[in-house]
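Given below, in the form of structure tokens, are the structures.
Next, two complexes with chain A in common: one pairs it with chain B, the other with chain C.
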Partner chain A sequence: MGSLSDKEKQTMREMQDNLRADPFPLNTYTHIGKRGPRRLDGHLKASGKADYTMDVQLPGMLHLRFLNSPFPHAEITHMDTTEAERLDGVRYILRYDHPDLPSRASLGKVTGIYGDPPPLSRFAHFEGEPMGAAVAAETEDIAEEAIRLIKVEWAERPFNLDIMAAKDKNAPLSYPEMYPDSNYWNNGLFDVLIQGDVKKGFAAAEQVVEFAFVRRGHTWIGPERPCGVFRWKGDCPELWVKQQRPHLVKKNLCTWYGGVPMNKIQLHCLYQGASFGGWVQVPWNMGPLYCAGLVARETGRPVKYAFSRREDFYGQSMDDGIYRFKVGFNDDGTILAVEGTSTCANQIWPVFNPVNHLRENTRIPHLKGKIETVWVNKGPAVPTRCEQLPATLSLTMVFSRVAAECGLDPVAVALKNDGVEGHDMVHVSAEKKKLGFPDIDSLAVCVEKGKTAMDWDAKWHPPGAKQLPNGRMHGMGFTWTNEWDDSLGSSEIAIRIERNDGTATILSMGCDNGVDAENTYCQIAADELGLNLEDVHYNPQVDPGFFRMSPDSSTNLSVNGWAVRHAARILKQRILEAAVRPTAETQRGSFRAAFPDCAPEDLDILGSVIFKKSDPSESITLADFVREAGQSGPVTSTENAGFRWAFTEPLFAFSYHVQVGSYNPENPRPHLTRQAHFLEVEVDTETGEIFIIKAVNVNDVGKAINPMSCEGQQYGGTVMGWSRGKFEEMIYDPATGVMLNGNLIDYKIATTLDVDAPIDTILVESGMGYGPYGSVGIGEDVGTVMTGLIGPAVHNAIGVWIDDHPITPDKVLKALGKI
Partner chain B sequence: MKNFEHFNARSIDEAATLLVRYGGNAAFIAGGTDLLGKMKDRILPAYPEALINIKTIPGLDAIEETDDGLSIGALATLAQIATHPVIREKYTALAQAAGRTASPQLRNMGTIAGNLCQDIRCWYYRATQNRFSCLRKGGGRCYALKGDNRYHSIFGGSVKGGCIAVHPSDTAPALIALDGTVITSKRTVKASDFFKVSVNRTTVLEPDEIVTTIHLPAPAPGTQSAFMKFALRQSIDFPIVNCAAAITCEREAVTRARICLNAVSVVPRRTVAAEQSMVGSNIDENTADAAGAAAVANAEPLEGNAYMVPIARTLVKRTILVCGPSPAEVDPV
Partner chain C sequence: METKDFICPHCAKGFKSPEEMKAHMLADHRGGALPSPEGRIRLTINGKAHAPDVKPNWTLYHLVHDHLGLTGAKQFCDRGACGSCTVIMDGKPVLSCMILAIECDGKTVETVEGIAAAGHPLINAYVKHHAMQCGYCTPGFVTTSKALLDDNPRPTANEVKIALSGNLCRCGTYPQHTIAVLEVSQKLTAS
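Presenting the complex of A and B:
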């Protein structure tokens, strides 16, 4: 099929210009936006039959487990594996000093920022770190037992847990192998954001407040343990990966073991037992896979590595830190200047500034934000649904503080300051017009719907002003921000029409982590091709040579959506062109066209039937058009016997998309869509317990392609936000650096039984997003934004700020002066 | 998990004999909800060579109302107890306590005796791979004392040097409030005397001794009992504080009160001062609050757990209030 024609490229440039309103939406939607389409993964998952990487069992497979450091910072000085080697069932022990283990390997997502550490290190930089040795055995239990038999002599090093102490120039180094000069390592790397002049803003402001708050780190743990399977077939690696971005495996693996040609790597990416971003982006992910490949090569057997549940706990969110703010504002709630600093632990991507969202969706003229990233001896902190946590928490706290100081309804303060990059809504309206969007005030629409659903005007009150008959204090919280909708990603997607039945198969590998993205892409392809939804299928677990951004229903739908839509449009055109000309040429001539007297534009496809627009009775099903396959594939093999059965040329198209959008530092166009969230709580002032009474989420998703999936993200995000806001924190023993709550009873995650309050999920469709049809992502938004909302809601209840998140009963009682 | 031998005992004698045969390197197992977790996490220095299953001993799971009260077999599950109509009506505190223990799955597996005999939940003691050799393991010190003690005792320590781990049972305070008795393969012990802290022990049971029955006396006329629990999550959590009370009233005046807190001390803590403050009084907000204050008067919170004191006080107050002749609308905890 070759590359796109010049015309197709030109069309693609026009069709996928996401810096303005979608110039080519569909006139009618048959499947897009409809409720109730079947989930492709629904029955398999509900019946327990879906396969995950942890389920993979191969003949002769060995199980690989890793030594964990008992110390938060230490070096192995001697290791004796003799006793472990003698244990029945142990087949191989890989040590850090194995000659084939490199001192540096490509293991991460972003080479250079986190560095390229060794796959199996001699040094530990947090307690529990998998390092030093890996044991391959017939069972996981035997491997685990053998690990205990390894005798290790350790040289303990001084360690840091406290961020502010680690920042001190006299503090011991937390990670000298990678950062030999200082624990404060990101100085100069995307660390300062300046807009206007904050000094001017503070001087002009009627009020200035300063405050600080703490957010404790929370884990990324998911139901499926981190794992992977590695098998060599000759010199071809075959892998099964728990991986949010499977192409990353190929990208890194091709550099391992002296180099592996990309075309020899066979990859499987089965269902993912949760993927919140974190796991994919640290060298832990790839290091064990590197080791598994090495052991598989040495033993000649397939090797599955798996972490224990506890090992999965150590990775954490990027918002673990201390935030300090100075805000200047007028009595009417107009904010003039915000200066903020976030000092956070172990951020692998220290690029998300605490005032970033204030820049993206407010008219605040003067901003100055600074990131300080400090290495401490805890696990790595990476985007964990998601990297915007520090920025959205900061926005929530800044706006809630200003509203409280002014005695104003926080909804009114939000509307007053809505805008883009220091510009007011008049400017934003002009921008919308210029870019071809309707002049919809997204925040105003979201707020109106949310206030109605929450009965906000009747329920909201000044802080600490309402005690209920049951004795509890009643509180209302509100926050908002823009929908972030793009990850500067790229995507390749192809679609093929199958023989015999004319069904369509979407081709592109990605991870399926349960958000029903695959069905969403089928909805787009079905509408664009004119097929019935059941005639389109997508299995992203196989590697067809195309890769898309994943996971989806997050910011990545707006990237992949363009690619699948355009591939479908190209393919439809090719089908119609094929329908009016001889269906294929061979050495012995051609075959009669299905519509010999028509031009492609005379035809259309609907319900998987090609028909003549002027006379729909002249039609042929796509299945009849593509014809049945022959014995050897698409071409009939009866020609040698003198029969000639007509067949069609292969019908296939691909497209790709490179997103330009909101993560771009230059912000090529303003952020136009908004989200608004409302929370009602009650606080028991005798016990400090917080009761969630109701939540309302309103998200302007631009265009809801799969509304039920969008609502699922709202609901799930709210639950995740509550859990983080009320319970979740990783707790370390200050004396030893050992994580104390690395299990599912001591680390508190809200279960479904802890979520008994109603959650109203409301979608707004303004068409002003970066994706096709004006859509935006939603998957990361609600979980991220709702995490901080309990703070303002509790303040509204008790009239006292609690500046230490999560907000647990002890902190409530302390704020109330009860202890 | 490491392999172990497994025996299905058919009688108490057989179970005890098997235990002796392994010379202390064996353990009894019933529901296994605590033991298997301990083994899996390798929290103790020694790993049992054998588990002796006592679920196979017939007749140990019966719940029977008798002339003088209620007899509960040691192997009765928490789910059985939580839903048993007689227990719900007459021994309400126990049904409520069993119903608030753990999760539905664990209540279906866990037994009443297992809930009484469970090990402590201190996160230093429970750290995987026996990371902390603490006092309760015969080690040198209590790591929680100067560590993170947000879930530890507010009433001092035990064991030489001062282990401050609390007893985590939900049903224990209910049995003590209901004046229950624990019958073992060797003796009969009042529930209030059943708990005792020593190295590797949370009860008075000898290594080869098995709980066989729990007996509860029939409540006197005019008795109401109740249980309340404060935990971070409603769904599944050990208590930060729990409280059970059984209060008998005549013409609205309290004639007898038994009130027990748990998770606040190294063993379940019967709050005699609170009980005494209630006797002779009517149950109302003021008397209940005074009893709550009396219950925590001697509290000695640590650096991280002062918040447990007002919660314990509140739970005592609210538990008393729902035991009154006309139970007030009290927040469930």
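Presenting the complex of A and C:
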């Protein structure tokens, strides 16, 4: 803010205050909120012209593949690579004992949050782990063949797959190199959440139930496998990365190989074949890139690493575990106390408490939640669309159980308990007013729209009560929670007005995960600057030194949207100031003021035209304005010819935004917007098959800046949720610890034939989000919440709880006593 | 031992001199065109003739993606389970990761790049209906859809779903593909 006046600095501070309602929304929206076919990535992706890291081929590029552990827990005691080295086309074999491989990872991790296995460790902690050795060869096939020629002597170790057995103090250690004292590990950060006194709540409750359920681990399935390309240009690394958070790659890399100055790193982040998880911070993910750089340095050639499809199963979701709950409630559905414990496998970041969403979204006065993380010999559990899975599944199961026990409609139970951090809706209304938001009952609006779309009142019935003429049992499921507001991120974004034609370019690197985010940021910039949408462009694949919060498929519009808006507002002011008086007096003079008798506030910009508010006919296009003002470069010949081209300073502005919001248990801001989801199923009690008949998603997104993108996250998240709720599970052989379905034939994800039901997508715009214009993020939440809804819907159909997710036909038949 | 350094390119028979080999070729092979070098195939890709020299272990995916730069075909599963590498060969959608390139001699292949270059309305329909998110699987869907419409210009919604059931999309865009394909079907058959 260095060049701003005191008044402007004050305005910026107010703009960056996102602890309350947006104090400066626009009066009218030209591009924001509009539907249209424009996707900046659309034609490229549909026509096969979009480039992904897997597509990168450089002259002389070598291919790097990794040794995989055949055992779930083992140590390499001896390795002989002689035969592999002799294979034609093999150029380098990187072994675990290379002196430049760190003994502990220094990959830029967040200290103290999780373990730090070194890249290419000689210790394997799960079957299939890429470790021990990597071969660089002229082709992938040769590298793979060479891997098979490496002779390895292993010392097998005892292993754990069962979390309850591994929790026992006498159990063998699963990850002794990272967790030498115990398999039971919490970092003590937010692992216990207490509100009120649950003992009092249970004592006062008319009913108390206890139940437990299991969620089996599943994984992200990124269509583009983890990969990266590393090339050294002298001492400058040039990288192409498939990463959700490219800024962290750069941050990490500067600490590698004895240190690399940040300004020597050239980063490319092309289109991303999605990932839905597998954090860049995780050493299992960053290690291969470290190895690629080391081999590239040793060979003097570019090196591309790519995991095999099997290797992409290196980690899993954070909800793999056992959940135990005790709930106290009254007969009318009022919940008084919830005590819950989640015992989950391998959470690298055990901070997402099972009762967290109950705290954030309800008036339940007494809560106690505990996370237990137990390390077993599976891959790391990392956010997998998303880390809120344990908490949303817990909310869904608690509310569904209470409704069933009371014989009540689950929608009514939700409305009865809606609130914030133990406070009722009267309190929430007062908070809304205090923070400057409209007082809208978001859940009431969402459920009303959803019930109408689903014809809920006509269709809902008590559990197990409706058999259809086709013989199937009919079921209805409902769940809800808050919208994800933001993710504790920061964002830097700049905007430049291009010389000569006055178009605007947004500058900031971020990954593209397909949510049309680039267009969304252009919509904001266009409306704020007064430009036509086609005059604003954003290519986040290049590194201009600014990084936005990513991925956008998370909740980060509420961070990045602010940063774009701040930058656009500053830039617009600069344009108008330049239009009324010359700036940047130079030896070549300056440009001619377009409106010399005006003040900036006398002018405005609309449709890429600067005009006088009092007389819009007095106008100049931004293109004409900067064309005259923006000439730069050698002009000697023209000066010799007797005239000078003017020069003025570039029209450029940057800004930034820092979020303090949710995901922080000490979040000072109440969640005000809600989402509600309705599901209709039929269950064949002879085969156990579950047929999805209809889904309705209602999301109060506050303000839908790019409605088609929002809807894409609704139906897309629903499809992923069904897939995970019905099919997805990583299956291990208990005798050997080997994963049995680490491929896309045996690990089932939904296809078109599994999506035979209509999915209604309804957006509510209450304006009660903490993002710009009252918006919230929507990228993660539908996929996360819908994952748990199959269970309650099936219970409503058959009248029996299936406490083991995913809900597969065999479990249905077992619940019905048929097998 | 007598050496025979001159090998007939037609039948691999050895001769001591080029003159002897030439006489043999004229007599026994009637001076016909020389056979292709080992591994050379001839095929038409997106309407253009190609004669690449392929190795025995190359798949059609390797040929089009890695060697001809047609990167629209994507490798997602690498074992015929996802449809992302789909190309159209002699009118049928095929998985290019499951076909050896050397078996494609004489074939006619169409990739998503060819479909787009021909201005097929599927491209605009896919953009219009956001039948894509991350986009990695999208070319495979477009290619499969094009093959469907070539074979069945007026498919039902269920026929579209069946045709696309071998294409995986992790972003969950399935509902939009049916909308886009049916719209294009209507447009093409109306015209």
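Just so it is clear, the second predicted complex is superposed on the first by the 783 of 819 C-alpha atoms of A that agree within 3 Å, B and C clash if a C-alpha of one lies under 4 Å from a C-alpha of the other, contacts with A are read in each partner's own complex, and residues count from 1 in each chain.
Criterion: contacts are C-beta pairs under 8 Å (C-beta built on N, C-alpha and C of every residue); 3 or more make two chains touch, one makes a residue touch a chain.
Since we're looking at a predicted model, the values are computed, not measured.
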Could you say whether A:L753 touches chain B, chain C, both of them, or neither, answering first, second, both or neither? both
Quick check on the superposed pair: does A:D141 touch chain B, chain C, both, or neither? Answer first, second, both or neither. both
Which of chain B and chain C A:V515 touches, first, second, both or neither: second
With the two structures laid over each other on chain A, which partner does A:N741 touch: chain B (first), chain C (second), both, or neither? first
For A:F437, using the defined touch cut-off, is the partner it touches chain B, chain C, both, or neither? Pick first, second, both or neither. neither
Tell me which of chain B and chain C touches more residues of chain A. C
Have a look at where A:G273 lands relative to chain B and chain C in the superposition and call it first, second, both or neither. second
Counting only touches as set out at the top, which of chain B and chain C does A:G688 meet: first, second, both, neither? first
Which holds for A:S47: it touches chain B only (first), chain C only (second), both, or neither? second
Partner chain(s) touched by A:G716 [first = chain B, second = chain C, both, neither]: second
Both chain B and chain C contact which residues of chain A? 141, 743, 745, 750-753, 756
Contacts from chain A onto chain C in the complex sit at residues 37, 39, 41-52, 54-55, 57, 141, 220-225, 271-274, 276, 308-309, 512-516, 708-709, 711-712, 715-720, 723, 743-745, 749-753, 755-756, 759, 783
If you look only at chain A, which of its residues touch chain B in the complex? 68, 70, 141, 145, 148, 310, 470-472, 684, 686-689, 726-727, 731, 733-736, 738, 740-743, 745-746, 748, 750-754, 756, 808-810, 813-814, 818-819
Give every residue of chain C touching chain A within the complex, in rising order. 57, 65-66, 70-79, 81-82, 84, 111-113, 115-116, 122-124, 126-128, 130-139, 142, 160-162, 164-178
Report the residues of chain B in contact with chain A in the complex, numbered from low to high. 1-3, 41-42, 103, 123-124, 126-129, 131-132, 143, 146-148, 150, 230, 232-238, 240, 305-307, 309-311, 314-315, 329, 331, 333
